[in-house]
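Sharing a structure, written as structure tokens. Questions coming.
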């Protein structure tokens, strides 16, 4: 009764006992709601569809994706950027908020971090899917070989590969290191194969002061590394375009624009997953409405930043002296893809204003819908960067306004969502998706703080 | 593979391109006279014949997956688009072999590089098909093998394969390809010249398109050889390889000059000079 | 100071074991990365006729180009036309009854080329020019022919049927082509020029531009 | 035999090379002992593996008959180039010529003779085929034989003629669906020669009434070369100006400085109008022209001409002024001016302008006369086909040979060839493909491709000197026991009919060799014995026929313009015609359809519309607007004699009353690349004939156009994908410079 | 000589810290202060004040890693480019700085992160076997453990102190 009133305005109930926390979270590893299995099956099915399409494309050639001479990239690269962007919010929550001691992140950063990792994996997948000769992908690796050749370090694509590899591995380490104490807890309470499984992962963590001491510092250090890394990753992805000569791409404001878009879509995605996890794992106590509220406000702020940079992009082109770039911009607004373009602008810049209403922020189903729409908008943004420019570039003879992705291409794009969902669901079933020890800290410190307050 | 090589190249950090005289002996280039070009397509077919280009068929052509390395573009005047009294305008467009090629820098595996005789090489078997080069090509003259034309599309049913030129490969699925200035011919010419211990003579070798062209609109040769036809044409038009603004554009004092390069302001420094089409306005 | 604290921490219990484990792991990974596939020489090939190079090139000391006559004027060295073999063997009574020679005559009766198997087979996207190498090393530098051919084909005089003794991989080609050749007379000096530069034009001997390996298209087609 | 040995040099070396190069790039085996390597049994020192050798021959793709050299490597013909020794094409070669290797390697070539057994064509061997052929021909009753061929020249013409004679017939019918006979007859009459030499490069003005000399007319590659020089300026000659007058824009029209759309059929009127204006301005010129013409011309004053032709006053005056100011000029008459009831009158009036302008003897000179009329080119006509049809209808033929033409496809529907052909007793078709005509044959004999066969040719249009070009095999037969040379077959027939005369010749090759060696005196001298003469002739590919003083034809040109018979009845069509449009068939690379099965030509975009792999109906933008037609609409084009459905293409290069329709597509049976693609305009041509020559009037068919309601996507290289972009969208891709600004003379 | 371990579990930090303070006050002979360890579900808020400042070498590892990553990264890339001179880019130097810096930046972070993690594992003594030490699952739950390693006599004293602060349970073992 009392707790309920508390939960309304407080991020978390302070009278949660530590053992209670352990029990609740560990429960998520054993018996989630049935919805979990439904979602998992769904994701798996979609993934299989994508897999089929990819197999067909691999065998027949990229032509089946419906791409053609001017439009050589299509949805693959667009979706690749989308997934890269998705990954950034994990870092935002786990690293940035960690450094500025915003402790409300604690219950939700773990799955955000996981999201980072898996969306990066998905993005990496698209690099492969998009290649004409996937089987020769090792040519891009800088390793000593009998050909005495090296990849071309000048290519932004190679920077991509490097940045993504760094980001992915660092995120995985960050996620893992941050989860060691929780693995220890799982180990202590688990039985059977799980005990050995978590035992291995826990590396024999015993919560000694020495371990905690080093743990705190290294965690902080890695967090500090992750922030510039995340920024660099998406700047580099942006430079894939900004460094090229295509009209509408050759814009200096692209990197910040991309980063903002990344955080934006990431936050939206967090809201989606927040709601899902809260339901399937009965995390009402931990993923509370106030936290959702904070996340939503953060999302709104970022949405505004993105909108601003979006306008900057248009302005740069508009006041720039490249007639062709201007033409391409107009083409986006009026051409065959104008529908998607306007939809993108609406979903990206107008829709977020619904988040200024507290009622909306507190309404789970509403937030679910909005967050999904926001991500749709962000995905469209990526597509509107890639395709319109290709279809209306410098060379009029090769203009092709009729490009539309084939079913195979769509299949693979959707498949990627299945693949992501599958991995993510799997993860949440195996790893505590709420960081137990940090929630404990949260509760502990908040109680402490209140005590001091009352004493004073 | 030596420290020596590293240090050696270290001295080249400040190298920018194109350098005046960066190709002291050999620089393949073209001059295409649009006044002579009639748009008859002889060059296009010659290119198909010389370079093992697959015939993709109607559906794939419709999908924009045609593989013609060389294409003849036909434009109408904005002025009399519905009553073309000035006739049409034809433009043979193939890889411009840029000196500072946008495609070269972006290839992740370095499958497209610059050769010493000023060509923009494309190594098919190194290509992994990221298609970044095509994305970055302002002329859109790079063509991607969307399918496995020899085996799966059956572009060469027996006995057509007997016509294939053994001096170059048939590109397989998933690699980028483009006009090579018929590099297989150039290589043979260089080989003969070296065997006889002499530099390459002008007119000794030419590309398939130039050789076929009934009106000799295409001139091909060694730009570094001051006496070659192509070099003379470039000089006559005051077009210089390493400038991004030619005399013609700088001041109006030379209205008679016809030489220009397409998209010069993007600074790719193309190796193909076009000569303006001339039309008699009195007629 | 730093070393002190690190050592200090290493001194602590459990630490040494951990450190050793990690060190081994990392070294193992590096080792794997370094041992990346190198092309190896091929093994013996079953030929329709066991042609004894050792007798012809070795014992008789016949010039390689007497039979492989195309090597000096074509990309491909080719194998001798049947008539070439007959030219001599019609008149060598002593060996007429040897099984291999019998086979040879059978083919000749059938007017059918002997389907020899390729031993030194390069990928189809590689353009190797025999003429270039023969012209330079044999005719211009006057090196002994078996040495010149041997650069790539090994000591054929020591084999019956030819065997692949060199990897013939790109790296292997470059390893030779990167060598400077001070003994080469002027005009044929092979110092493979890098992109010629304004500051060092001297680096560019005349008529030396753009031959392998500094030009992908020299060897790749 | 020598012949066989030569073929031996050309034997394919260790075939399998291509399959390897196809697999190239990627997974090719580099393991030892997987691929095999072969060599020749008998070496030829000039024949080095891995090195291309060039053999000279002749391109028989069109009547231009350019000299070519073929690159042969390892016994495979890889590519054709122009033969520099030939003064026809001077080392150049058009796309059509390039594509002839695909005739040679075509996957749809017949590989065995076909005999009709109980209604079905069944493959048989040559051993079986020859006796049947010989017996049946021998059984032909006197004179009841016809030999229908395409344009012929050289010794094949002789052989064909003799065969016909030997069978007691006079019916060697030379048929050319795209014949230029009207032009030839008119030129013969007006200029004194059927094929006068045109010195285009010396002209300052070319006025062409629909003569597409850059693409399809007479000898395109030759004229293209001249055109280049005509465009170039020198100290003594400014850049030439080209004016093209035609109802539908040809490639030549697209390259004109001034393209004038004229109402179809009124070209003659315009010509006389110009003549009138010129004579009025410069009576002196009247000296060369007969008063008849002068008086005739007076009838065509400016106002009438303008109303009749629909040419704008501005264009007319400019043209007249141009012709007054600049000289010399050339005036050409082309198919679109000649293909009418009064086509002959048109041609006369147009060609007569050359007299008025004083071009005769300057830019239009008589050609070198051939000392061998019997091997001179015989360009075909469509009258031959009518003759053939009549013969069939009357059941006058026991035996019919058809070679190098496909009448069942290219004959207008009203001639009913498919229905009549069965009336012939025994139909032998020499064919490379199983085309529409072959399907109706009793015996189909697969023939060598032009790259496997021997032959001699004399082009109907000659360069500065008279040439006899040789055709020789560029590689061994692809199907040694599948195909044969037509010459060999005819020789067999002749040996059966006239053993005495022909038993000396082992085969066609021997026949040719003997014939040329015997006449070697007539050619530009080659020292050495006959053997040397022959090999030398082969290596050159071209023999220059010595032109004796009497043979040179300058003085054969008439001193003045003979009287003309002008009759423009029907030049203008009555109002209220149920068929409001005139059909303008467009001749393209596929020519009369014989090249439709060449993938390169199908995939190469049409020069003006850039459409590939299809037919289309060209509609003028104004007309399209009026009828609400947009690109890709499926239209029904109906004439009095038939109708067809085809996609619309809105095309500015038309007179508004004209519908353009490309020829060559619409095959039912030819090969995988031709079948079912596009439509065949020949089918709907009306039975309209030129009054004088009786030639089919190709450009006189009237049609009506209606939308069927369905629509398709036009497949073309141009930006149809981008809202039918037709201009450069502000980029500087093709820059145009006004001639008066250009300083071309400084460029040489 | 230090051959005995004792682990006492307390209900919360207050009791645990009280116990430790007394332990400190008692300054027993043979008690090496470094052998006093706290085991807790979360880090003890004021562990320094209890156990005194103990070294944290992580940052040194970080510095080392970052420098190694950056330095080697740049050298490696530059050398690769310098030696693979077939790869000439029109308009670009053979060893171009801007791209190499981008990559160096990534290598810098990569090295930093990797070596930091390595450093963490090393200086936190991970991985380690559970048997090697006294442990109680309650420590990962809600109890605070204090562990002391010393000789038998000293351990008895420690036990006394623990009991005085309502220790919940005590484990002991003899170290071989």
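For reference, chains read A, B, C, D and E in written order, and residue numbers begin at 1 within each chain.
Heads up, the rule we're going with is that a residue touches a chain if its C-beta (ideal position, glycine included) is under 8 Å from a C-beta of that chain, and two chains touch if they have at least 3 such contacts.
On a predicted model such as this, the values are computed, not experimentally measured, just so you know.
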item: Shared chain contacts [subunit C and subunit E, defined touch]; value: A, B
item: Identifier of the chain whose CA centre is least distant from the whole-structure CA centre; value: B
item: Most heavily contacting chain pair (counted by C-beta pairs in contact); value: B-D
item: Centre-of-Cα separation between subunit D and subunit C, whole angstrom; value: 53
item: Interchain centroid distance [CA atoms averaged], subunit A/subunit B, Å; value: 43
item: Chain centre separation (subunit D, subunit E; CA means) in Å; value: 90
item: Sites on subunit B at which at least two other chains make contact; value: 1, 5, 8-9, 12, 15, 64, 66, 71, 73, 105, 110, 113-116, 124-126, 169, 175, 263
item: Per-residue overlap in subunit C, given as positions that touch at least 2 other chains; value: 12, 39, 123-125, 194-195, 214-216
item: Contacts with 2+ other chains: residues of subunit A; value: 133, 148-150, 152, 154, 158, 210, 394-395, 397-398, 400, 403
item: Residues of subunit E defined as touching subunit B within the complex; value: 78-79, 81-97
item: Residue ranges of subunit A in contact with subunit E within the complex; value: 17-19, 22, 142, 148-150, 152-154, 158-159, 162-163, 165-166, 169-170, 173-174, 177, 180-181, 184-185, 187-189, 199, 203-218, 221-222, 225-226, 228-229, 232, 236, 437, 440-441, 444-445, 448
item: Touch list for subunit D against partner subunit C, complex; value: 14, 20-21, 23-25, 28-43, 48-51
item: Interfacial residue positions of subunit D with respect to subunit B in the complex; value: 12, 15, 17-19, 21-26, 73-74, 76-82, 89, 91-96, 98-99, 101-102, 105-107, 214-215, 220-221, 224-225, 227-228, 231-232, 239, 241-244, 249, 251-261, 315, 318-319, 322, 478, 589, 599-605, 607-608, 610, 612-614, 621-622, 652-653, 672, 677, 713, 715, 717-718, 721, 726-728, 731-744, 746-747
item: Subunit B to subunit C touching residues, read off their complex; value: 1, 5, 8-9, 11-12, 15, 19-26, 113-117, 119, 121, 123-126, 167-169, 180, 183-184, 187, 190-191, 193-195, 197-199
